[in-house]
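Both complexes shown next keep chain A, but they swap its partner, so chain B is in the first and chain C is in the second.
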Partner chain A sequence: MADEKFAREYGHHLVEEVLNGHMTRRQLLVRASVFGLSATAIAQLLAACGSSTSSSSSPSAAASGSALPAVVTGGTMKAVIPPPLKALDPVTIYDQGGIVLVYQIAEYLIDLTNQNALKPKLAVSWAPNAKGDVWTFKLRQGVTFNDGSPFEAADVVASIERVINPKSGSGALAALAGILSPGGTKAIDTHTVQFNLDKPFADFPYLVSASSYNTAILPRNYAGNFQKKAVGTGPWMLKSFVTNQHATLVKNPTYWGKDTQGRQLPYLDQLEFALVTDTSAANLQLQSGAVDVQPQTVFQGGASVLSDASLRVDVYPSTGIRELAFNVNKTPWQDKRVRQAVAYSLDRKAINQALYGGRSNLGYDTFWEPTVFPGSPTPPARAQDYTKAKQLLSDAGHASGVDVTLTVANYLENPAFAQLIQAQCKPAGINVKINEISYNAIYAGTNTTTPWLNAPSVIVEWGSRPTPGVYAQAMLLPTSAWSSSHWNDKDFVTTFNQYESTTDEATRTTLASKLSSIQQDETPIVVAFYISQLRTQKKNVYNIQGPGSFYFDVSQAYMTK
Partner chain B sequence: MAPAGVVDDSRTQEMQADVAAALEQRRQRRYLVRALLRSPTFVIGVLIVLFWVFMGIFSTAFTQSPLAQHPFAILQSPSAAHWFGTDDLGRDVLARTMAGARTVLIIAPLATLLALLWGGIIGLIAGFYRGITDDIIMRLVDVLLALPVIITSILILSLFGKSLAIVIVVIGALFTPVVSRTIRSAVIGEREREYVMAARLRGERSAFVMAREILPNITQPIIVEGTVRLGYAVFTAATLSFLGFGLGPPSPDWGLTIATERVDLQSAPWTVLFPAFALASLVVGVNLITDGLSSVFSK
Partner chain C sequence: MARLIGRRLLLMVPTLILVSILVFALAEVLPGNLGRSILGPYATQQQVDILNHHLGADKPLYERYAVWAGHFVTGHWGASLQLGTPVFSTVMRALGNSLLLAGFALVIIVPTSILVGVYAGLRRDSLLDRAITISTLSMTVIPEFVSGVILIVVFAVTLHWLPVSAMPPQGAPFVDRFYYLILPAIPLMLLELGYIARMARVGTVQVLAMPYIRTAVLKGLPRHRVIFGHVLRNALVPTVTVIGSQVGWLIGGLVVVEFLFVYPGIGNMMINAAQFHDVPLLEACVLVVAVLYMLSNLIADIVVALLNPRIRMGG
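Now for the complex of A and B:
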């Protein structure tokens, strides 16, 4: 079969790249997973590279610095998360509360490892054709939805077609725009699905993985009433959901998943989520022992939790960012020198220290950042340089300074970030007026009216994305539905299309360097840091998996006495 | 024509009466001032308010900048370098607490003056004319009094934006009904008095009678009402800031500071407690002035 031949050749290509020093082993792991190479094949590749690297590890074990204790089955784990901001619907969820809850009940074709590599879930294998514009997925057999109906290719076709329907209002629309059109998803047989893409796209598996959280696989007859009838193939079933208060989930007795020793998953009997908006209240629930785990502990206001000796904190070097976007259609941001002046005004280390206690990775206004996306070219660092910033402003015709307005939601650390930007830009002559509005207000309206896509400059919070390409696809192309900058650079678009259509790693590396240079030079957005996320739990909680706060995999978690 | 001597006697008597009245007024004023200065309640209240007025105007001359950030020294506990500690951006809490008085001391007095102006006019008209004019005005006032101040403020600020001027106008407008009721009651007590009847008999216009005859004689209840409203205005302004309807960051405004720093209450209580104490002290100071005035005026 042509796909198998491709996978074999691609595997050999990856080994050569590692041996020639063009790739790291971690990068090989990630790239091999994208092309659907099996765990056995990946292990063989790593062996060929002289490595014994494990494909996954438990952050809990890593954090505790010890081996996991024996598994204890049964019991109830209690977690505190923010309430979903909209009705619980996998097709339209976009916030932490909604994503965490859906992730327990419904599953994706592909899941993410703790290192953001892909791992099989409802799809057991996947591979592209030689051109990279047709991807074939083999589905897991013997899986049923929790209502007893069998999981088949027709469910996958219906789920994907549903989210790329322009009327769906799904966030997946933005991720898949220009890549997969309605009618492009076909069932080859009951357990094989083929995606016929609009163009070759090397990172396509990520777009139908858990990282594209609206692509959860639902029954073919799903009618949009998930909150009342939550049908999925996941390890948990929704027992009760009270808006803004709590959700209770019980184990799915017919779940297909088993651990390496053949034990039925999940280990726990029940999950209880307290839905709490207020960060302080959530922290207090954890510290008082009312809940066992907080999937995301916010650094701002979390000092008491983070220093609590009775709790264990796992740090995840996630790829989430706070995007500072400049709307290039609005004054003064049409001129890239003004955008660059802002970038050179920022003291990124100081921002990282103030917002995250220095835990996050610094960013330099490009998505190809090797500290979070291994194998990416190293971009030139951008240190605070007021002389350069003033010169850029002067060259742009703003020698006496420029007044700008920055819109920001009163949410998480965003207002503090805005104040840091304001204070650090002032000496350069950039007078930032902060327009602080509510979280609901910043995302209200249509694409042509909503502040987050139409304000002159805005801070937008982005959860983890698995690759630089997925980020760029979502916000840096003219086709991107979530472009707050409205940047349209032909050179970048052409290069990006070449980058996503090739599987040759050396070519991809060269193109990545070019993309990174263009993005940094043009500075349509400032990426000052990649946020490290904090997960806090009691010390008797073990083996929670998943990268970052959205992918809260407790199917193999357990609690000792 | 009356003999010259009679006219002179009459004028002399009038002048003597005027002089006596002026002297009496002066004596009463002196008595009030002395009584107020002897009232510990009033004096302490004035000192507290003056302290915050002084800090609001001059504090930046002898504290650090309330906006200066020190990202590598966030949430530091009180020390010799930072008497009140630092906040989540490493700003000096002492400097921010002192400078935070400025906003509330602009909003609250101006809003109170607006309420006294509008409430005074409405109360004078209703109390002076009585009858159907009074009935209509007072029923409208009853309707306005039924509106909850904070919720109505939020509604109006949501519609018209949240600039300082709008906040002042909104608070002033929402305090107008209660002020008008107080002033109406005072006017009703005065309108049947002889000096008002005399003015009417002289043929003075109603506006003149209200402004020049009645108003000077109801200054005491107006002053007391003004100080009461001032206390409420301080609290309302801080509440609106707390709810996000006042000034935005990085203003050191107390309500805003309490709202933004409360997430750190557990680990860095100084970031919230000092501005909260400052706010409380200003309200207490205004209330002490009110109590002092009330007790002196009622003697």
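Now for the complex of A and C:
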């Protein structure tokens, strides 16, 4: 079959790239997962590269999983998460509470490893054609939904077509716009699906993975009543859901998943979620012993939890950011030297220390950041340099300083970040006036009026995105739905299209370097850090998987006495 | 008396209409819109517009109000736009929780406050009176989130004597709920104790200075008969009024306590509904709380009238 031939050839190509020093082994691991190579095939490729076949875990996963005690089956695990902001519906969820709950019940074609690489779930393999605009997915056989109906290609077609229908209101539409159009998803047979893309897109598998959380696979006849009748193929079934109070899930006795020793998953009998809005109250729930785990511990206000000796904290190098966007259509941000001056005014280490206790990874205003996206070219670091910042301002005609307004939502650590920017920019002559508004207000209005897309400069919070390309597609192109900077650089756009159109890793690496360089030089946005996520649990809780708070995989988790 | 009650009940109707109009108008000026709240920041504008049209959120304000009011008065409260659940049962469940917490708190607060206040009034200017006055005054200025956090850290996190949450696990017997309500009731008691006890103290001091109390003492009535038969009856008139005004707050205004102790009451629900532009749920919550507020004040007035014949006679 052509796809298998492609996969084989692509595998050889990856090995050559590693042997020639064009790629790291970690990069091979990630790219091989994108092109649907099996775990066995990847192990063989790594062996061919002369490496050990074991993949490195994240530090957190190692901490959580090292010296694991014997598996204990049964029992109930209690977790505390924020309540879903709206009625549970996989098609339209967008918040942590909703995503975590849906993730237990419904599954995706592809899931994420702790390192943000792809791993097969309902799809066992996937591969593009040579051009990269047709992707063929082989589906897992013998899977049934928890209502007994069989999982087939027609369910995948219906699920994907549903989220790209504007009437569904799904956030996945914006991510897939210009890449996959209605009618582009076809069932080849009962267990093969083909995606005919609008254009070649090398990162397409991520767009139908768990990272695109609205693409959960639901029965073909799904009618939007998930909260009452939660049908999915996942390891858990919804037993009860009381709005803003709690959710109880029980194990799906017909779940297809088995562990490496052939034992039925999940190990636990029951999951209970306390739905708590206030982070202080959630922390106290954990510290009092009322719950066993908190999938996301917020650093602000979480000091007592993080220092509690009875708890274990896992740190996940997430790709979430706080985007500081400069609207290039508004004064004084048309001039890139002013944007660069802000970038050189920031002491990123101090910001990381103040906001996250130094736990996050530093960013240098580009998405191609190797500490969080393995294999990306290393960008030049941007240290605080007031001399350079003043010179840039002077060259831009602002020798006596410049007044700017920064809009920020009164949400999470955003106001504190704004204050740090304000304080650090002042010595350079950049006088930042902070316009702090409510979370609702910053997203209010239409595309042409909403502050987050129209303020002169704004801080926007972004959850994890799986690749630099997905980030860029979302906010750095003139066609991006969520571009707060309104940046439109022809060279970047052309290079980006080439980057997403090629499967040749050497070419991709070269193009990535160019994209990173353009983005950093132009500085339409400041990416000062990639936020590490903290997961906190009792010390008798083991083997929770998944990268960060949204992907809370407890199918192989267990608790000792 | 019947006329008083009838007139007050009739006055509730225009008040509720005015409140409903105000809430509708205020919800309009809140930032954001319904479609965006439901679909989130990552939905496209086209998707938001389609949903707003589908929900009728793009129609003029007066038209939406007329439709909503028509349904509401005929008993069709609709479904929450945020939660997808029926408004009536959702509000009633939250109201039940709030009434239970308020009732539990009042059962502790009212007798304690009156006892402390009257006792301080009877021992006017003594060391004990000053101690009670200063301590209750101090407690009223401690915000609930401060006292609540301290109580949780001490009694739930450190000592593990009481649960951190105000709701028992699913399936627990109903009586367990009172055990879970002990901790959240304490910050409320600390707050209310100061107001009610001070009012009871002032009332007691004032009544003790009245000539009829001196007459009662001089004619040789036992002290307990003077206090229970003459002092309390008159001293508690202003106290009852204060209690009546606090009942509404205890039912609909416990947002901080509900947040901190993870309690699904109606105060929390109102805040969420307002933030989400969930007007059907918001209107129902506000109107229910408004009715309770007015009823509690009415009941307080009736009690005052029963205690004071001059008010009763004056109608």
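To be clear about the criterion, the second predicted complex is superposed on the first by the 548 of 561 C-alpha atoms of A that agree within 3 Å, B and C clash if a C-alpha of one lies under 4 Å from a C-alpha of the other, contacts with A are read in each partner's own complex, and residues count from 1 in each chain.
What we mean here is this: a residue touches a chain if its C-beta (ideal position, glycine included) is under 8 Å from a C-beta of that chain, and two chains touch if they have at least 3 such contacts.
Please read these numbers as outputs of a predicted model, since none were measured by experiment.
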Requested in this report: Check chain A with both chain B and chain C modelled on it and let me know: fit or clash.
Outcome: fit
Query raised in the report: After lining up the shared chain so the two structures overlap, which partner does A:279 touch, if you call chain B first and chain C second: first, second, both or neither?
Result: first
Query raised in the report: Which holds for A:410: it touches chain B only (first), chain C only (second), both, or neither?
Result: first
Query raised in the report: Just chain B (first), just chain C (second), both, or neither: which does A:353 touch?
Result: first
Report task. Report for A:479: first if it touches chain B alone, second if chain C alone, otherwise both or neither. Result -> neither
Query raised in the report: Which chain makes contact with more of the residues of chain A, chain B or else chain C?
Result: C
Requested in this report: Identify the partner contact of A:436: answer first if only chain B is touched, second if only chain C is, both if each is, neither if none is.
Outcome: first
Query raised in the report: Does chain B (first) or chain C (second) touch A:420, or do both, or does neither?
Result: first
Query raised in the report: Between the C-alpha centres of chain B and chain C, what angle is found at the C-alpha centre of chain A, to the nearest 10 degrees?
Result: 30
Query raised in the report: Touch check for A:301: first (chain B), second (chain C), both, or neither?
Result: first
Report task. Figure out whether A:494 sits in contact with chain B (first) or chain C (second), or with both, or with neither. Result -> neither
**Report entry** After superposition on chain A, the shortest CA separation from chain B to chain C (Å)
**Finding:** 6
Report task. Residue by residue on chain A, keep only those touching chain B in one complex and chain C in the other, then list them. Result -> 280, 284, 438
Query raised in the report: What part of chain C is in contact with chain A in the complex they form?
Result: 30-33, 36-48, 50-51, 82-85, 90, 149, 152-153, 156-157, 160, 163-165, 167, 170, 259-262, 264, 268-269, 272, 275-276
Requested in this report: Within their complex, state which residues of chain B touch chain A.
Outcome: 67-69, 71-72, 74-75, 88-90, 244, 248-250, 260, 262-268
Query - Complex interface listing, chain A residues touching chain B - result: 279-280, 283-284, 298, 300-301, 303-304, 307, 347, 350-351, 353-354, 410, 415-416, 418-420, 422-423, 434-436, 438
Report summary line: In the complex, chain A touches chain C at residues 85-87, 92, 94-95, 166-171, 173-175, 177, 227, 240, 242-246, 248, 274, 276-278, 280-281, 284-285, 287-290, 437-438, 440-441, 443-447, 452, 481-482
